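Pasting a structure here, questions to come.
Just so it is clear, A, B, C, D and E label the chains in written order, and each chain counts residues from 1 on its own.
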Amino acid sequence: MPINYYIFLSIALFSIGIVGVLTRRNAIIIFMCVELMLNAVNLMLVAFSKMHYKAALLAGDVNGTAGTDGQLFVFFIMVVAAAEVTVGLAIIVMMYRNIHSVDVNFLNRLKH
Amino acid sequence: MNITQILFWFLSVVAIFSALMVITSKNPVYSVLWLIVTFFSISGHYILLNAQFLAIVNIIVYAGAIMVLFLFVIMLMNLNNETEPQKHRWLKMAGAVAGGCLLLVMVAALKDTDIKNQQAMVNEGTIGLIKNLGKELFTTYVVPFEISSILFLSAMVGAVVIGKKE
Amino acid sequence: MLRDNDMVAFFLIILPLLTGLIAFSLKEEKVVKSFAFLSSLATLAVSVLGLTLMNTEENLQFTAQWMQPIGSSFSLKLDGMGQLLCLLTAISYPLVFLGSWNASYKKPNNFFALMLLAQAGLMGVFLATDALVFYFFWELALIPMYFLSSQWGGEKRIPVTFKFFIYTFVGSVLMLIGILYIQSKTVSHSFSLNAFYVVELSSKAQSWLFWLFFLAFAIKMPVFPFHTWQPDTYEQSPTPTTMILSGVMVKMGLLGLLRWLLPVFPIASYVWGDVVMSLAIAGIIYASLIAIRQDDIKRLVAYSSIAHIGLMCAAIFAENKSGMQGVMLQMFNHGINIIGLWIIVEIIERRFGTRKMSELGGLAQKAPVMAIFFVIIALANIALPLTNAFAGEFLMFNGLMNAKSNYYLWFTVLAGLGIILAAVYTLNMIRRIFYGEVNELTAVATDLKLNEKLALGIIVGLIFWMGVYPQVLLDVTDNFSQELVNKIDISHLFRKQ
Amino acid sequence: MNALIISAILGVVMMFSGILLKQKTAVRNVAIGGIIILLLANILEMGGTVFFTIDSRGMIAFDQFALLFNTIVFVSTLLYLLLSAKEIEKVGVNYADYFALIFFILCGITLVSSFKSLLILFLGIEIISIPLYILTGSDKRNLKSNEASLKYFLLGVFSTGLMLMGIALVYGARGTFLTVPDPLVTVVPNALLITGMSLLLFSMAFKVSAAPFHFWTPDVYDGAPTVFTSFMATIVKAAVFIAFIRLFDDAFEGLQPQWRLWIAVITAITLFVGNITAVFQQSVKRMLAYSSIAQAGFMLLSLYAMNTEAKEGLLIYAAAYCLATIGIFAVLAKMNDYTFDGFNGLARREPLIAATLTILLLSLAGIPLTAGFLAKFYMLKATIATPNSLWLVIFAVLMAAVSVYYYFRVIQAMYFKEGNDATTGFSPFFKWTMVLMASLVILLGLFPDLLLNWLYF
Amino acid sequence: MQNALQIVYLIPLLPLIGFLVNGLGRKHLSKSLVSVIGSGVILASFAMSIWVFMQVKGMATPYVAHYFDFIKVGDLKIPFAFQVDQLSSLFLLIITGVGFLIHVYSTSYMHKEKQEHYGRYFSYLNLFVFSMLLLVMGANYVIMFIGWEGVGLCSYLLIGYWFKNTEYNKAANKAFIMNRIGDLAFLIAIFWIISRVGNVNFNDVFAVARGEVDLRKFTGTDITAITLLLFIGATGKSAQIPLYTWLPDAMAGPTPVSALIHAATMVTAGIYMIARSNVLYSMSSVTMDIVAYVGLATALLAATIALKQNDIKKVLAYSTVSQLGFMFLALGTGAYVAAVFHVMTHAFFKALLFLGSGSVIHAMSGEQDIRNMGGLNTKMKITFVTFLIGCIAIAGIPPFSGFFSKDAILLSAFEKSPVLYGLALFTALLTAFYMFRLLFLTFSGQFRGTADQKQHLHESPAAITIPLIVLAVLSIIGGFVGIPEVFINGGDRIGAFLSPVIKPHGGHTVSHSTEYMLMGLSTALVIIMIIAAWFKFRNYQRTEEKGLGKVLENKWYVDELYDKVIVQPMHQFGGFLKSVIEKSVIDGLVNGVGRAVNYGGRQLRLLQSGQVGSYILLMVLSMVIIFALQFFLRK
């Protein structure tokens, strides 16, 4: 597949994630939209990984591992995302315990 | 148009549609579910790209573990349509327009790259197999791998600190 | 090679610096007062020593390695102007301490320590031949002054001195940019003064660099219209601080012009000379007219100082030897005179609790000695012949008259109006404070105390000495002025074209 | 490598020390001992003694620059712990865990100061960020702390998203995550690379709180427990700066025409927003938050100039800024009243504290004889050496003059105003540590070579 | 005999010593000691001056004594040097001689002062003499200027001698400031000279002016400018239009001071200066005309004012202004010698008149208004007689001194233009009229003062009358040194004496018969005026002045005009600068920057809304903008 398709698809997903972050007030949903953004990145990385692999093959590097790093990076992103989710949800829950809401607009004691 | 292309377009449409549903669903639970759909379609793309390991991990870790965690939390808080806070209409518009603009400029920027004619190899290529990836991960990438354990440790300590009752 | 003599410059800085730091730890008021006084005397001795050593073939230089990688070194030089201004600083301090001996301050240790630190800073500014060192001391002199004024000053001291601080700070950081730019253009990437003198700058670059530097100096002097911090600050500061501020510190700006501006940007100085002179001379008249309308003695003296500095600034840009020598002489003499005035103002303020001329009067009956001293110093301040300021002003006017500018006659005449206006406000001040009938406030006045007499006596002695034989100071700076005039001579550029 | 591994181990040690040691003093001493070990190990590595030789396949490079920066960080952390470790007690019950998190952050800092791969950068940033989210929210019953934590988290992960997108695009263009690409493979600057670089620029700007990505900073710094604000506003921020400059120096040097202007614009906006907004603040803590934005603006100049002086200057800046801000925060943490009025009359009650605080504030304001001056000096010097940058320099110094305004408000309050707010006592140890801080600031201000010579031996 | 010139420095030094001793010791020295020192040093100087006078008589070139370099900058060398020649030695005599008499007079006149003020007074007098000697002895313009300002200072100090009185102090200030205006012009002239000649020594300057030095040269403009500036300086010191108003006010000082400073010596400094610079003046006809016209106008104006003044000293003061005007007329017509001659005779009779008036005031217990006097001739015979001699002398009746000097001036005016002559003659007649008005009002008729004053009327003591007598004698015979050639062959001794300094200008173009006729005319008219005055004021009745009389009494309202046109506007402008420009504009601008920053801070922090959504929105928007610009700019 042409790499452009993947790029545009990823960017579209990424932008949808951003729009979600911008349009929602629920902290959890916002967080989920960020996860969506991360997944868009993952998709793009995998696509690039295969693109570089193909390029390496075309260049004659038959046994090469070109492109594995992209997929491994996705792996690390997942690891980090998991860790983030742990911490993030903990924070959201802590917040909820205190103000019984997950609405980020309630968060305005700190301003100016 | 071969089957791969058909699958590609199908998965793309599903992914985008479900992503849009994530951000537009009023009920948080639906959002989670649509997000899971999105993840599945992305996993489909992985499989299409012959990145089987990632496809599986994506489903297990993301759709399986993480999203369930989200679902748990949402259920725990008993969030639903009624409790879902809504932004002002024009704020939403502003957000959508801003995001749309970002999409536009990025697309505009990237549409003419010199790699636009390069292909991503689909259906073939072995690097996405767990054997290759595992070898790489435990040789070249062993240092980052170990480092990510520190990340987990700190996340764990953090979760304990935040979650522990005083 | 470091010769023994070369340490003089270093001692001039290190002596007040160390004693200043020590003074922080002294608690007893009498002790710290005496300590500071002795320290200032020691500095004076060193400075006089420096003066006597001037006849050696080379000027006294001190260089120590410091910040080598960025092209700086801790280098000092006791050239003619340095000797003169260090002498002024060194003389001022004992006079200030002596003249305000009777005043008492809370936390005297901090007060005197900061005074001494300021002295170190001033000395450094006058001696530095490395732009970075110069900048360091420039700020170092400012900080203690700020604290002195803010802590021991009048009612509105905090906003007023803060304005002073920010104002000068803005000026100095702009100068810092200029310094950095020039440094980057020097061949050896050095901050040394000599490298600055030979740096090749386009006339356009000179122009904007000129203004960056000039702004810093203009604020410090201050030159109209950058002067508005000055009367307020002088008014609000404790008088010993005001003495140093007006007597010595404003000379930093003049020194800056003479050492760091004119020789580094000869072309721009020539091009912008008329503008600067116009500003300076506008300032003379402006400040004098305002001084006429003042009721507060401190403010009056402050405005008169602006006028005097304006003349010096204008004379500098006359760019000839007469003007330079006049400025040199006047820098010293203005310092002496204005310190004398402040000493008396402080005495008046301490005795009567007011500085309003409208509330004073008839002091000459009760305190004739004070009146005599005041009249002599005030008249010296308006440059009566045979007092110290005359020769300086004479040379400055002569410089103006011989300036290369097309408007030299106008400048001279307008600046000359300043002398007339100076007479107006000075005589009115004398009349309103000392003459006329006594009122209930001044009826109980007493005359000067011994220490005050001593301080003022020394000042009056200097006034006449320098008035009758100014040559003694002119000789000190003669070489310096000549070299300066040679450096800023750009006539060879015109010949080429 | 010494520091990386030892700091990770120390993190684990601290985790267990909470269980094993009942005495809080003991935990504290372990932490302080640990940081000293860390420091020594790092200094030994600077001298060439490496305990662990692990092949990171070119992803991590502990060069002299990184090691020196680590030293600065460890010294700062040591001083931070000496001054503020006691204050951490007040935050919550998980005393040892906070130290553990701090050590994990240090581990992250060693990563971001020495990365050669975008992956390591990413991991390092995350290792720094995740504990910080926690530390920010560690005062659990305080709503402000909660709020700060959640804001920081949401904005943080958003910026992580941007960073990852950037990394992905750069990977797409270059085919590798290494920041120093194979010189044989020349990649012409294409849209992919530039977009990726820009996204990395944005996310790094976010991390260093450069305007207009700075919005989290005041709220988070204000809401977080003061001791942790101190840590994240200084050491962490400096570390991210090092990462920033390393990233752009290594990876995007060839793209300078594409990013230099934007850095300049961001620098100017940051300076403006930071300084101007700080002017009107009533709380010293919030003022310091804005001031940290302002200082970031100055540090960004090093990025803009990107020459030897800029890099040296950034080290000095990091040191100067960390020392001064840590000291000020340490005092602030002991105050009852965080407004400017809370400092009224401090000079009368605590002359030594006031004097040292004054020196630190002067350093922040960039007054000569302090390290802060030299730091700014280096920045300006580096910037002025680059062509067409005069406007930026003049703007920067004018803003520096504005900064004098709010720093001096504290000095004015301490020295020139009367007040009787009884502050909790400062122990002699605290006082002498403050004196040490102030002396370091002055020493560094007089002899920057003491620090910089380490770079070249 | 060479010695006299070698120790010429003693002449000014002695008064200086007197000043220092009296000034520093004023609290400790007794009054008599102060008197002895004060007068003694002047006497010694006078003796020295005579000695010097003897020696310079035949000297062809001036003697210059160089002491040290006052200022030396590059090529500019200003030596501290004295120059003794015929002109200065003549002035030395006048200054020390008249000065000494006035010192003696003062010992009695001021004896009621407190001890320390007495000492102060004498020290001021000595300082004044010192300054005046410096002025005339200076070998260059700068030393002259030093003395020039010095006499201004002493004038200031002495006018304000009674410092409790605010009006006096204001008069003192006025004197100093108006002098300073002139001084400024003088200074600029000096600088101008320096810029052309390179130094200010008289000899060098005149040599350049005469074209005796190659390379350096004055242009016509230079000469005119320099001479005009010098003349402006002279108008300040010598109380000419427009800077004359200080002199009448200066009468606030003790009467001997008025005699010494404001009649005999200081005000003649301007004459001396122009006479000294005659080489320059002769080269500029424009300046000469201006000098002549200003002099004449001043003479006329002051004479008209003097007609209606009632303060005895004010009349004398305006008379002084008027006489000085005459002298300038002489200078302007090129009759330098006549001017110097008139300076000398004027010194005698004006000092005499002032001292006489002092004697009267003394007797009248401080009363100065002549409307309250009258009939003093019987009570104060010596004073009356000497005063009468003074009046005759000033009125210009032969053979009293004033006649010869005034006649020389009139003649020179006539040579220039009959119109000038006519106006000058008219002024001379006015002089006779108002002087005799003064005389008659004071001494003849009935006593119009209070009974108390009448009781105290008495002749003054010897210390007062002796100087009067001496001056009276001088007023009578002083004119003989300048008897014109018409009368005696080999006359005009003063002209001959001064010829090395002031080159005699040709010879008279007027025939002897015309000269006789003019003399006769003026003498006759003067006598008629005196008689008219006698009839008018023999029995004076006080009346209110109306019309022109009132204008004259109020001195043409010149003071008021100056106040309205110069002083008040300046004051108001100063106030405007202080309260509007300084406060609102300049400081307002500076503070405005601060306020703007503050305002910016207040507004900008509102961006920090506390809302996560808006933060992200702003971030995304910035990103969009940067991206857009990035790619837009690249294309």
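Keep this in mind: contacts are C-beta pairs under 8 Å (C-beta built on N, C-alpha and C of every residue); 3 or more make two chains touch, one makes a residue touch a chain.
Everything numeric in this text was worked out from a predicted model, so none of it was measured.
S.K.: Looking at contacts between chains, which pair has the highest count of C-beta pairs?
M.R.: So the chains sharing the most C-beta contacts are A-B.
S.K.: Quick one: which chain's Cα centre is the longest way from chain E's?
M.R.: B
S.K.: Between chain B and chain C, what's the gap in Å when you average each chain's C-alpha atoms?
M.R.: Chain centroid spacing, chain B to chain C, equals 71 Å.
S.K.: Find the geometric centre of each of chain A and chain E from their Cα atoms only, then give the gap between the two centres in Å, rounded to an integer.
M.R.: Chain centres of chain A and chain E, defined by C-alpha means, are spaced 97 Å apart.
S.K.: Once you find the CA centre of chain A and the CA centre of chain C, what distance in Å lies between them?
M.R.: Computed value for the inter-centroid distance: 66 Å.
S.K.: What's the distance between the Cα centroids of chain A and chain B, rounded to whole Å?
M.R.: Their C-alpha centroids are separated by 5 Å.
S.K.: Mind pulling the chain B residues that touch 2 or more other chains?
M.R.: 87, 91, 94-95, 98-99, 102, 106, 109-110, 113, 115, 140-141, 144, 148, 151, 154-155, 158, 162
S.K.: Among the residues of chain D, which are close enough to touch at least two other chains?
M.R.: 119, 123, 126, 130, 133-134, 137, 140-141, 151, 154, 158, 172, 191-192, 194-195, 218-219, 405
S.K.: For chain C, which residues are shared contacts with two or more other chains?
M.R.: 166
S.K.: Can you name every chain pair that touches?
M.R.: Touching chain pairs, listed by label, are A-B, A-D, A-E, B-D, B-E, C-D, C-E, D-E.
S.K.: Can you name the residues of chain B that touch chain D in the complex?
M.R.: Within the complex, chain B contacts chain D at residues 106, 109-110, 112-115, 140-141, 143-144, 147-148, 150-151, 153-155, 157-158, 160-162, 164, 166.
S.K.: Under the touch definition given earlier, write down the residues of chain E that touch chain D in their complex.
M.R.: Touch list, chain E to chain D: 594, 597-598, 600-602, 604-605, 607-608, 610, 612, 615-616, 618-619, 622-623, 626-627, 630-631, 634.
S.K.: Please name which positions on chain E make contact with chain C in the complex.
M.R.: 68-74, 76, 116, 142, 145-146, 148-150, 153, 156, 160, 163-166, 169-170, 172-173, 176-177, 180-181, 183-184, 187-188, 190-192, 194-195, 570-571, 573-575, 577-578, 581-582, 586-587, 590-591, 594
S.K.: Any idea which chain C residues touch chain D in the complex?
M.R.: Contact set of chain C toward chain D: 66-70, 135-136, 138-140, 143, 147, 150-151, 157-158, 162, 165-166, 169-170, 173-174, 176-177, 180-181, 183-184.
S.K.: For chain A, which residues count as touching chain D in their complex?
M.R.: 3, 7, 10, 14, 17, 21, 27, 30-31, 34, 37-38, 40-41, 44-45, 48, 51-52, 55, 66, 69-70, 73, 76-77, 80, 83-84, 87-88, 91-92, 94-95, 98-99, 104, 107-111
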